[in-house]
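Remarks on the structure that follows.
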């Protein structure tokens, strides 16, 4: 059964130095507040996992929390580069960043395999690309019925997955809707999970397109209204596209970035 | 784009003697009317596919439409045996029935593989059971990362899948909700598909838990109100449990069965 | 086949005993029929937070009536979530998230292997063709533990099942591990006569409880092998008036729509 | 880098040309940026029944404004269905249900291979680290055909990409078949200067159209290899006033929320 706990306590309890941590969200419902709490608690040596590492990963990487990144697309969606991610890869600042790079199809299937209790997934993918030579977690596999050769990728099994959702009930059942991305799979693939929510309600009345994660499949829920900002929570907020555009200038320069993080993350008690 | 056509025309057009035909529906939304039309049109040598062949398959088998059955559980849900299915297997009446027998987990994954354009699926299943020796479409497969041995099953690729859904819009987009079973996968796995619906509406307003099959993924839609009876369509009808109980007596005896089929299927123009 | 206290039937005792074996809060994968009756009885008595999962894709169903089939509308209407059938097997059953898998059986043997496929004759031309596997093989493999509810008689309790549809302990100790089955297997077999549990050393089903009014010899006579009996065989507590009242109220609703 | 008619910009000509290449009713897997602009322009002009699929899981999105990101709320709000990301790749892209995959590129080469991963240096310590693959490798592999929209200059149009993120025609004829890629690959590359298409025999990108006011030498000068030119190079029809009006109205909404 999921415990409903404060965010800082949940991060302290569930996320440890050196852990493999997935923070998922596909443009929508990105767990920014939880990422900021990880930064405030100075977690380090993390293997960060995410299909679309964006601004919150730029911040985690720029603050030196990550040793390794497992991902498929690292950019500022609709804007351009992630400058802190680039600086880490191109110049090793603030520390070198090991990469395990996949495609979206591969990452999605790795989560599916993790959620399904299988050691690997099969897909049509990667063939002919230069990713195969760089990524050891891509291998051929032969169909035992047709002899056709396809591609296998290993399951993702994060120590912790963190997501943001619209709401939970008092028992800790979680409900999210809108673009639901790969969040269900990421939570089910993980050993532990933390869900930040906009609010706790008495009853999760059914919503079209909603995904429900039962309380017995979630470790902890923390109530963090606005916890996805500058991403959004459908029905609660809209994407702060201006912030994503502004991040480009903030993040280009190391000192500007650090000053912004000090003022907006480190020196605030908690988000919002 | 799905064409909206009369049921008889759709069956005549899409389903041919010798075809592999899946009729899916998990207790809910079973396409009885379409099955009856197949019987009325005297299709034969079909390979019938379904996880839970129930009364409609008992009727198809008893009327001699099927050469082979691919399945995982053949019973009258909540009541007992399917007597026509038993008679075909135990006594070859009205003709011998070849079996390709799986578990639910295996059948579901075979549809998933079919829907995914993969030749096979991987699962933890069947190990230690006597199914392995009887079913050639169960094979071991080794994880290329861990060396663990799992089970592979080949994709299901029906010539036609038939399902019943609550409704479609005028463009042929299909919407179903409640227990949605494996219907999406069964339609996407097939070369052609026929969906009978309770009604056609102007707009498919969103429903909690609804699955939408876009018109460009469906071949034909036929409007058949009550087309799932004695199964049900959530929001439109309730399961006729009394009929399922009554079927036990109707189907025990060959002549009683044939008389019932003549009176209730063959000699009616179309269902309901 | 057995004496029964006039106050309850053997089937009622079986359902009550099975319901008691489910702890509150457990996540339970429920087959239709006897398992569904017992699980819903538990939910309406001592285990209000029991989580029921039906293979039709309903997570956390809370039916007020007993469904006739595994896909009655009431199961979806009262569920926390309705998911696809592939998802229920792949995301929920296969990874070992389910505490208790609750199965019936047409035949069960000394090592708790279950047959629901064919009886007698050849597989291709059997004497009796049964419905088949359904979800059972993977329920038996992947749930943390398995409970079986089945009426006991020599035709059902056989030394060796005619067909292994779902693996219990195979041919004895070490077989589950050798086969890579990750759940603990059948820990409890509840019948209309008593309760059997696998001996921790031999994996052989062993009589541990008899229901009130049943003697050990009656159980032996209804078992198709030389039944092992625990050193001390307990007598099941009889159904309480509340258990019986709830069970009868539920049974009266069976197959009623919503 | 190019002359342009005062009435429209080269980017506008590119978007209009790309939108025209999409036939009404086609099912189109849309990347963000230039592809999304062109696809939505098509939907608002000659192709009202164009089906847009975004990799965030929205099937049949009909945004009234241009999304900034691939997961803007407007894409879900206006979709026929919102599905999970695994489903969009496994059930919809992988089996070849998508008519047109619409990609951008940081580098594209003679055989229409695309790089969005790294430029210069070593993979582990590149000169420029780009975002990476995203959905592109499997879009390029599995869509019935691929369209690429990209601004043309010698840094982008290179003889050989630094990294093959998404396969066009590999190193030439027969490579796609050899690799088991089932779609037809990039059939059309639309730039701000003209349109390139693979030669059916050599698979080499060949200039088939120039936009109004652009001459062939300008295209050659903006291509990092010895560009093949079709025997007859057509001049693209200039944007119509309606196309320009719709495009500008859409651009003005970009990233606006709903």
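Going by the order they are written in, the chains are A, B, C and D; count residues from 1 in each one.
Definition applied: contacts are C-beta pairs under 8 Å (C-beta built on N, C-alpha and C of every residue); 3 or more make two chains touch, one makes a residue touch a chain.
Small disclaimer: the values here were computed from a predicted structure and weren't measured.
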Required steps from chain A to chain B (each step between touching chains, minimum): 1
Pair with more cross-chain C-beta pairs in contact, given B-D and A-D: A-D
Intercentroid distance (Cα basis), chain D paired with chain B, Å: 41
Between chain C and chain B, distance of the C-alpha-averaged centres to the nearest whole Å: 28
Whole-Å separation of chain centres (CA-atom averages), chain C against chain D: 57
Residues of chain D whose C-beta touches two or more other chains: 90, 94, 142
Per-residue overlap in chain A, given as positions that touch at least 2 other chains: 112, 117-118, 123-124, 148, 184-185, 209, 211
Pairwise touch network: line, ring, star, complete, or other: other
Touching chain combinations (by label order): A-B, A-C, A-D, B-C, B-D
Contact set on chain B toward chain D in their complex: 1, 112, 115-118, 173, 184-185, 188, 204, 211-212, 214, 216-217
Contact set on chain B toward chain A in their complex: 117-124, 137, 139-141, 143-146, 148, 150, 152, 154, 206-210
Complex interface listing, chain B residues touching chain C: 26-28, 51-52, 71-75, 77-79, 81-82, 85-86, 89-90, 92, 99, 101-105, 108-109, 111-112, 123-131, 134, 148-149, 178-182, 184-185, 209, 211, 232, 234, 238-239, 241, 244-245
Chain D to chain B touching residues, read off their complex: 25, 27, 51, 59-60, 80-81, 90-91, 94-97, 142
Residues of chain D touching chain A in the complex: 32-33, 55-58, 67-73, 75-77, 82, 84-86, 89-90, 93-94, 117, 121, 123-138, 141-142, 163-167, 170, 175, 179-182, 255-258
